[in-house]
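Next, two complexes with chain A in common: one pairs it with chain B, the other with chain C.
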Partner chain A sequence: MVNLYFEPFIIPFIVGVVVLFSVMWTKFISWISALPQSDRRMMRSGIFSVATVVGALWEAFRECLLHLKIGRVNGRLWYMHTSLAFGWFLLIAFGKAEAILYLKTPVVPIYVDVFFRKYFPFAHVGAFGFIMDALLLFVLSGLVAAVVKRFRPSVYGMRRTTDHTLGDKLALSALWCIFPLRLLAESFNSAIYDSGSFLTGSLGALWALLLPSRSLPYINEVLWWCYSVSLGLFFVSVPISRYLHIFAEIPLIFLRSFKVRASVRATTFTKLQRAACSRCGICIDPCQLSAEGISLDTQSVYLLRDERAKGATLAKADSCLMCGRCQSVCPVGIELDVIRTSVRHDRRKATSSFDYGYLDTVHVPLATSKVGFFSGCMGRLTPSVAASMRAIAIRSGVDIWFIDEAEGICCGRPQRMAGNLDAADRMRERNEELFVESGIDTLVTSCPICLRTFREDYHLNGIRLLHHSQFIAELMEQGRLDVERGAASFAYHDPCELGRGLGIYDEPRVVLGNIGRLEEVARSRDKALCCGGSLAHLGLDMAQRDRIAAGVCAEFEATGADFIVTSCPMCKKSLSRSTETRVIDIAEAVKMAVGVEEA
Partner chain B sequence: MEKAVADIHKGSSGTVAKKFGFTVKSGRAIDIDAADMSVADEVMARVPSWSLCIGCGGCTATCTAGAFADYNFRRLHLMVRRGEVTGLRGRLSACMLCGKCVLQCPRGVNTRGVIAALMELLPRD
Partner chain C sequence: MAAKRVIVIGGGVAGMQAAVALKKQGVTPMLIERDITLGGKLCRWDRLFPSGTRAGEVVSPLVEAISETGIRTVLCGEVSEIVGDDSRVEVMLTDGSSYEAEAAIIATGFDLFDASLKEEYGYGIYPNVVTSVDLEEMFRSGAVVRADGSEPRSVAILHCVGSRDRQAGCGHCSRVCCITGVKQAIELKQLYPGCNVYNFYMDMRMFGSGYEELYKEAQERYRVNFIRGRISECSGTMDSRVLVKAEDTLAGRPLRLTVDMTVLLVGKQAPASNAKFASELGICVSSDGFFKGADCFDGATLTSRRNIFVAGTATGPKNVGESMNEAVAAAIKAAEYVKGLA
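Moving on to the complex of A and B:
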């Protein structure tokens, strides 16, 4: 006869565990089985690769338990998350080990090791008493940190922390009760049986001193019940709260290592990513819309929260610069911009109807060179950039064909970011035809917005895609463009689409370093600020955009540089409205340095 | 001469009128009873900067889609403001949402916001 160790007080705990795992597995299995064919094929090929699986396991250990990515963003926050997650994990693991060693059987029901002290008050297994007390103290310190964070986020250097849903608050309350109740229950056990280590033992001695010994067993019984109820309540509320992330992050890490990705046309992988959001709120402070007080409830954490609950409104999805600053700090690595685009697409697809039949009548002039230069729509409003490129081309003796000198079709990225994917695809298809038919082998653009969609979405038969800063850097490296280092100083602004979007940080700096003194602003590279002009935001008016730009310009003015240099026509336009310092494109800076006259 | 005058009065493609650079259009009155202001009111509520428009036409002058197709955003949004909303959705559909109109607008109107709102609100033809 197997001993089941049944006691009535474990019922709330058992109910919680059963509800949690049945709801959770139903969700996860239904999401994974509803993945598109191509994703499932990737899963099947990845799951048999030992290296991939081991890599995913290692990542799950690092990120779900040790939270190393949070550590890179915020040390105090890291302590809070790690002490709770890793501490609790160790409590469970060591608890299990203690029970196995004590009962001398590998099969111990889960509730026996969770309520081990209640079942076996006299058990004494090596140093386990001390270890378990130390671990409990570790978790409790994390709990104190969590309480402080909730009421005083500034202690963690955070301006704002997340506003929670009812489910979150329920789970949070239960979670906050679990460990203090465990401490109390175990200490009353110690009070009765005169056991326990430095924490539970000392507290127990105090209870024995203060309370009549007759009352101790009753209080003890109530406390173990409360501990069981708080655990059960927490488990039941996990699927309806942010704490689903504890479990959702594991399949997310595995699927990601199998190269499954979110899509702008949402799949069930999007649902898994949404569930993996811990609502830690790290994405809130980097958001310039939050910092400028323009919108306080549209940040990624709130978009995902609303999507999980009832579906976010289009207005909420639209209110975002898609600068990628939140995505670059997200400790879970959620594809925030792709998910936001998919929400916009979903909310917009019923009403948006674009008709680009006229695109077939658009043609480009005959190519005069193998190197094509595409200004893009924004570039066409900053003609000095193309003019500078023309001058640079003449000076370095290369032929450039200016594709959209007369007019050109939009690259489609603005429509893509608005969620009008079919419209964007129609423009992409026609541009692909025109570029490929023209016979060019290199396509240079001064617009990071165009470049990003060319690289990510276009199929261009191997045409080399370059940003003009990369093209100029190449000319310099090949010795075709001779420059002398001047006295001017340049503070370089990383455009979002070029930097965080495409990872192009170095070439512009090399170019500027060759022609003058390069200054860095306080926040640059992957921490660079958005100019505020972003085409991704459909709701901002010019006054709000200027407010964002003014904040950015202030950082640049602090460097004292002669010029603010950017390499995006949109950024140039936005920033130049908000500063007295001259804002120029990198091509203009080079043209000035080589001293060529307008061609 | 008589023919030319007749052409002017026809208000279509008379040679004189063409050379002169203007055409004479037949009279056109706004029927206030038929005007549907609901779309304009809703767009104005969503995009307050629309009220700053002075109708300069810069948006249309710079428009990428307008270079290729018969698409005139200035005319289109002014018709919405007059309450003449039928038949506009199809005309709006040429827009590429590229954003040049926003950048050049001297009044800082969020024209793309207006277009996005119109796409949602204009009646289906």
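Moving on to the complex of A and C:
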């Protein structure tokens, strides 16, 4: 007969494990089975690719256990997460190995290796006693770090840490008890049996010295019960707490490696991503709304938290610049902006009664050149950009056709970001027709908002899509636009949509480096600040926007540069209101440098 | 007992009027003006609403009165700092000189909104987009023409440029632009009867005596077109005309219009120096940046400092008459105050 090693004290632990795995299994099945057809197809093709699966496993190891992305953001935080996650993982793995080696059978019930010392107090398997003690110490050090973080986030360079739900607090309390209880239980075991390594053994010797030996077995029994209860309690609270992320992150990594993506029309993959948020709070500090004290409970972590619990309010979803600063530091790589858009779309039930019939009455004349330039709505409000492009084109001897000079249609992104997806789609469809019919092969735009929309959402039959900074850089590289490096200095502002949105960081810098001295601000490239003008936020008043812009401008003024240069008409408008330094578009800077007269 | 002195900062109509009134009250005023001449913004103006009086007919008598009564005047005097306590005021200029008195009247006026900040209207980009001030200067010079010297046959006048526009950082109403727009439209029609004039407005705020009549006259006699709706953007055309895009909010339809010239009615803004002087003196500015009187009624020219008075557009947008009358009020209050000193 198989030995089941049953002891009453393992009941809480067993109950916890059974509840946890049945809940998680149900969740997985419901998530995967409700994925859209296209995502499931993607999954099926990915799962049979060895390279993809190995890659995903490697990523899961790196991010779920070693937390390397957190390491890049914050070293101390990395230690906390890694010592807890990787330490615990190693405790389980080595515990299993020790039990297998000791019992000389590959099939060991899970509770036997978890409570190994209780079952086999005299067991000695090589250096395992030492290793297990060392690992326990490693995990305990992470626990101390976690306690410090909860009460003094500033030790980690964080201004704020996450506010927790009731489920989080329950799970956290259980988690914090697990390892100290394990230490106590194992050390009392050592006290009774005079065993244990440097940690449990020494502590056990202390107990043996201090306490009457008759009391030790009773205390020991109670402690093992407590240890089992705390484990069981933690497991039961996992599905209702942030610790759900432990089990959601691995399937997320796999599905992502199969190229499944979140959609602005939410799918169950959105739910999976939401569940994978560990509420580490790394997204809170980069948020300028938090830094400026404008809103303290609308950051991505809170949106996902509310969304998981009961559905976030539209007001919460609307209060965001969608600058992407949080997404760029999220260690789990959650598609925060897409998820927020999907919440807006879902909550903004009443569709606009606006009549978009006029879209069909908009026509553009036939293209006069293969290269089309699209100003976009914001570009129309900053006409000096198009005027500069005209001058640059003449100087370079290239022919540019100004698509929306007479009339044009919005790219649809403001509607999209507001969650009005149907309106955005109508604009997209009409624009696609107009662009494709016009016969251009290259579409240049000075607006990163439009460019991102064209690249991510539009189907344009292979029309090449360029930002005007890329177009100018090409003209310079091809030798068509001769420039001399002048004395002026430029501090370059990375627009959110162009930098974090599209990864275009280098071309504007090459262009500015060619015409003058390039200055970098304290936070640039993927850490660049949002100008505050973002179309995505639907509730900021002008004073709040100006406050954000003033903070950004202060960084630029500190460089002492002659000009603040940006390459987004929206940023230009927002920043120029808040500084005495002249704010110009990159095209204006180039036009000044080549000294061309107005066309 | 030495004569009591009051320094008047600002030599526009309000400052000059205050100085003259102080003199009449038997107080010794002193006038500090940063420009090389007295007269302030009115020097750039041609005719005044609603009567059509030449601006010079208002400015000249004041300048003469200043010189006839021997009021000490410092020209090209840019104030760098105003200091003092409850019993004296010291005004320091950027050239290093300084003047002391028992009290001061601040009549530093307003700044014009920089139209190039509303880049979408193309001021400084398209040659035939001008401001209301540019147009006044054209009226003064007698040559109201486009950049190429030709006569405009259609003109769009845009109200509220830098007024009631929170995005431009000026939420307040500048009060006088509506009637200025009406006046300039009529003047254009008088000059070029065949010219089509379109005024784009949000609301027509015809608050003054004779304003509403002028507005009616513009419509009925001069056939000026008033379109309710702000221009969203201007763009240049190949033949240097200006394409105006707007929404006619009464008809509820978008509107596109090509005109020979666009005039931007620029608003009145509080000078940046207001906040600096206010903090030096411990007096208040309103949320729009203009100096704040002690109250909205009898204390409109008083401040929280008993020897500092304010008058004219330094306290907010006003027309010429209102500025001049407020200057007299401030002068009376200031004279009462210094005469009451031991």
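Here, the second predicted complex is superposed on the first by the 594 of 599 C-alpha atoms of A that agree within 3 Å, B and C clash if a C-alpha of one lies under 4 Å from a C-alpha of the other, contacts with A are read in each partner's own complex, and residues count from 1 in each chain.
Keep in mind that, in the parts below, a residue touches a chain if its C-beta (ideal position, glycine included) is under 8 Å from a C-beta of that chain, and two chains touch if they have at least 3 such contacts.
As the structure is a computational prediction, the values presented were derived from the model and not from experiment.
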item	value
Chain A as common anchor, with chain B and chain C clashing or fitting	clash
Which of chain B and chain C A:Lys573 touches, first, second, both or neither	both
Partner chain(s) touched by A:Val148 [first = chain B, second = chain C, both, neither]	neither
Touched partner set for A:Ser384, first chain B, second chain C, both or neither	second
Touching partner for A:Val362 - first (chain B), second (chain C), both, neither	first
Contacts of A:Leu538 with chain B and chain C, given as first, second, both or neither	first
Touching partner for A:Glu405 - first (chain B), second (chain C), both, neither	second
Touched partner set for A:Leu90, first chain B, second chain C, both or neither	neither
Chain B/chain C common contact set on chain A	358, 380-381, 407, 541-542, 573
In the complex, chain A residues that touch chain C	358, 380-384, 387, 405-407, 541-542, 546, 573, 576-577, 598
Chain A contact footprint on chain B (complex, rising order)	46-49, 62, 64, 67-69, 89-90, 93-100, 103-105, 108-110, 112-113, 116, 119-120
Complex contacts: residues of chain C adjacent to chain A	117, 119-120, 122, 125-126, 166-169, 232-236, 243, 254, 256
Complex interface listing, chain A residues touching chain B	314, 318, 348, 351-356, 358-359, 361-362, 377-378, 380-381, 407-410, 412, 414-415, 418, 420, 423, 427, 533, 535, 538-543, 570, 573
